[in-house]
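You will see chain A twice below: alongside chain B first, and alongside chain C after that.
So, the complex of A and B:
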């Protein structure tokens, strides 16, 4: 189907893309490659190997394999991503988008504004809001009993909810756009067939917006992976290691224990996880474009 | 079409560029005449308020530049908390172009900066310093690494017990209170719990929220008074993760939290757990506190964070006793901030003179009063300016300083510390945790992070 003209590389396009390519190489590929290199050295932030460091083979990797806290941290990271993304997008984001569709105009505007403002808040503000909400003396404890400390009792739940809260606006906007793609004729046809609203939703609406949902899940996963500040400010990975997701564990190793090499290796794991999700996202968005073309 | 406006615009831009290049050149020439000494320090974490930070460091700059008109002191404040300061300094020192001539550095990290090759040994200068001889050996040893001295102390923190005088009188506890053993502390807390519900009987930091401060203001003030104060065994080069002493201290924590004598988790685990008691004591919400020497100064009218003119009538202070009252009778950990010079400084003699100026009596006592320190010098600590700044608190801070124990200057100390933080956090959050389980937490954590061959149990 492709012609000769499409097979030949477009040199003008390459030249125009060159600044972007250079920026990506210098600001992204270069530092990430350097981080991969550092992950296999014995470099420390301060100490005898701060300046005179060298490759130490697979020592760091061996330590990683035997580090029970790393495996815990990996598990917590996956839980955080899955709950924030899957639950956050499919339940909260979709519910909001559906409700907004049928809401009266002023309610739609007000709720939409509130949800988007929550999304726009910087992570530190969102963290402080949720910290104040969920600890002793905060809103929840005023309702449930003065000693109630939900954050320290269910830390992973609270930080997941905080993350869902701060990304719900984004999910709602994307899914609202996706819902608008569902043509009214299809829904009308379903109603004429006598299908219930729930049946119409499950059998007609959901399949049509399924690519949008999946790409949204992947995007929110990537956003959540980068959200170091929210958890760090709320719990700093605690209490104990209850919310010690990989970005926080990596920071702790590199910048508290000064084990920069090992911290870099942990950061490399985060990059690998992000790459997997990014690849899936690109695949999904490309296939959904082909479907709609 | 463009030639109408772009040529004059281009001319203006070129002229402007030329002018600024010239002026930079001129400024560069002027700057080359003056020697520049750079001074890096914490902007927001060490002194009680930013105003005092500016006052002290600005004062040093003014004073030194007056005595040395051909020198400019360039101030480089570092924003952020404890970890941020260390991280920033570690990045600044990586290149001689950015390494500050003098830096304010946390005492536990001096040995690591020294082992990186970043610091200048000060021994030949210290031989001429009259004030150095008056530093107790423990404080002098803060800057020691492989036989040389790389830093000088500029203020210590130590710990003591604070208690609410009206509450004690109300329940019949003795005032002034002078506990002679750990049981005295626990028994007083138990009386408060029985007779004054709604008050927190005993505040002692636990958990990972405050980082190493959990130990500096809590655990490590009990361990030196126990049967085995050793943290790092110098003979075997191993970390002690189980010993009678550690079990005794964890037992104390277990008693506090299983009998519900302690504070709410939200306060204990919060990242402002270090300063929370200053306000909790002032609001009379807590009866007994394992606290730090800076409280008294905070309540004074000069510092005013918060202002508490009635502090001396309501908040009593007493040294922390050893476990059974055995010699030396007082236990406290000490740690603070030191001054270091860069190994790559172009002006070592001038740098030393600036350091010497910072260590004079007036500057050290101002630093102590404005940052909540105890001066290291044995004479300065007796001066009326220091003692009268926060009566009666500074006197007790001075009294306990000679018995102070520093944390092991070892790169892996923070790993041991984190293990202990997690153990105390587990005891606070799950009061049914046994001492055995708490010891296992320390042992597992340190073995996992380092290696099982680097830990030991002392009998």
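So, the complex of A and C:
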């Protein structure tokens, strides 16, 4: 790109890039920065401090530290991400991708279509489908032959399953693409050496697709962290606070209890968690590009 | 789930491929084949089970949350494809159109500049943009609400612009990458013909990079179409309500009409599924939605 570049500064290029930069600064980077500022103010949704708000030092941070619901919410967020994203979606996605490899053609097409459609559905539809599936009188409760309210009895389990259901298709596609990079010569060589299938999987396939698995875990974690709608529509964080992950708790504090400032601070914690995973993702995709080059 | 994953390979692990007679080997192969396909079928049934209610209830005159054989009717679909239901879908369409226009136009010019022109720190900029694709939109809602409320922007159009910008990092990434693949000679030839930069972008670069631009458009459209929290918080006019908010209202109403909810969700979801099918051929090798990190 720089080899045939002219010597003079390229003003036209900057002009072409300007709309993108301005839009991102005003409606993306700006809001994130503003959220950090609001997190340290006494702003409320209604009342006198809705307009005339000011920085109130570390009051919000102090409140956060002593807020047992925040610590519960942080714990629930970690459980949700660990169980559904890092473990559930990845394992189900990998299992599907592996099973697809040697499946009967029509079965592969049918199951693939179902799993991918589950992933394509808009978040609200996925949430509705799972609400109907697990609420009193829904399919799950009838399977047990009772009127059990599965959603309210095992809320975290159900929202984790719903998240796995609606994201596994993505994971399956990513990992299938990864499995295609495993050359048949390598597997054939393993077979010649008399290695069992399990051995071939552990010693050859897994190491080769490991970067894809790590990238997939990071992407799915970010997807799950951003999936506000699913839990909000299914349980709204309840019953009690059983599924009150941070994005939901932040929304409630801001728009239900009118504490915009405190809600913004809770959102900042989400940004910090997302930043860690996004940073790892950027590092992964850069290093993998270097090795492929 | 570990058992599911482990059971298939371990079933074969007891039967190594070495010197065993060809008979045992083929019986082990057959067993692995049957177990593998059986497990895949089981996954298919588990994934289909929650969806079944949606299809049955949508054509059931007496639908409830329960899965039951429908008393067939199309009344639910007729009910949800008129009046304010249809208006809400049209609002969703307008919202998605604004978002798509904003992100695609900006990303096409920006992608061209980053791909073809000398921009200081362009590599660092691309890393920053890739990083932005990982930031969840939900956390920007409070500050954007604060600014929009102050300047009377709590409407469909401004929300569309916000959603467009939230798709912009990924759209820019897609378009820049697809333009990188366009041979430079094409543009150099056009420069010889004294074409200006906009003519070159429109007549040379855009047609060749069209698949990437098309993917970016569809990504932005789907992202806005499926968005729930931004229109819920940022649109205050009841006449501008979008599809997802309407569905939430249906679920929460005093007299829940289950058949309508199911039918409306299907009508609302179908465009997204069609667009996905257009953009990605998941089983023929192409996978273009790699970094689609949006909720």
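Here, the second predicted complex is superposed on the first by the 273 of 293 C-alpha atoms of A that agree within 3 Å, B and C clash if a C-alpha of one lies under 4 Å from a C-alpha of the other, contacts with A are read in each partner's own complex, and residues count from 1 in each chain.
Quick note on the criterion: a contact is a pair of C-beta atoms (placed from the backbone, for glycine too) under 8 Å apart; a residue touches a chain by one contact, two chains touch by 3 or more.
As the structure is a prediction and not an experimental result, all values here were calculated from the model.
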Just chain B (first), just chain C (second), both, or neither: which does A:211 touch? neither
Touched partner set for A:255, first chain B, second chain C, both or neither: both
Tell me which of chain B and chain C touches more residues of chain A. C
By the touch definition at the top of the document, which applies to A:24: first (chain B), second (chain C), both, or neither? second
Identify the partner contact of A:137: answer first if only chain B is touched, second if only chain C is, both if each is, neither if none is. both
Between chain B (first) and chain C (second), which does A:238 come into contact with in this model arrangement: first, second, both, or neither? first
So, does A:108 touch the first partner chain B, the second partner chain C, both, or neither? second
For A:129, using the defined touch cut-off, is the partner it touches chain B, chain C, both, or neither? Pick first, second, both or neither. second
So, A:46: does it touch chain B (first), chain C (second), both, or neither? first
Is A:147 contacted by the first partner chain B, the second partner chain C, both or neither? first
Based on the A-chain superposition described above, do chain B and chain C contact any of the same residues on chain A, and if so which? 135-137, 233, 255
Give the list of chain C residues in touch with chain A in this complex. 1-2, 4-5, 8-10, 12-13, 15-18, 32-33, 36-37, 39-41, 43-44, 47-54, 57, 64-67, 102, 105-107, 109-110, 112-119, 122, 127, 129-144, 146-147, 161-162, 164-166, 168-169, 172, 184, 197, 225-226, 228-229, 233, 243-244, 247-248, 251, 258, 261-262, 265, 268-269, 272-273, 276, 280, 282-283, 285, 287, 289-295
Given the complex, residues on chain B that touch chain A span 83, 86-87, 90, 93-94, 109, 112-113, 115-118, 207-209, 211, 264-267, 269-271, 411-412, 414-415, 418, 422, 425-426, 429, 444, 448-449
Spell out the part of chain A that touches chain C in their complex, as residue ranges. 1-2, 4-6, 10, 12-14, 16-17, 19-21, 23-24, 26-32, 34-35, 38, 43, 87-88, 91-92, 94-96, 98-100, 102-104, 107-112, 114-118, 120-125, 128-133, 135-139, 142, 165, 168, 170, 173-174, 177, 180, 191, 194-199, 201, 219, 222-223, 225-229, 232-233, 247, 250-251, 254-255, 260, 263-264, 267-268, 270-271, 274-275, 277-279, 281-282, 285-286
With touch defined as at the start, can you tell me which chain A residues reach chain B in the complex? 44-48, 50-51, 66-69, 135-137, 147, 149, 151-152, 233, 235-241, 255-258
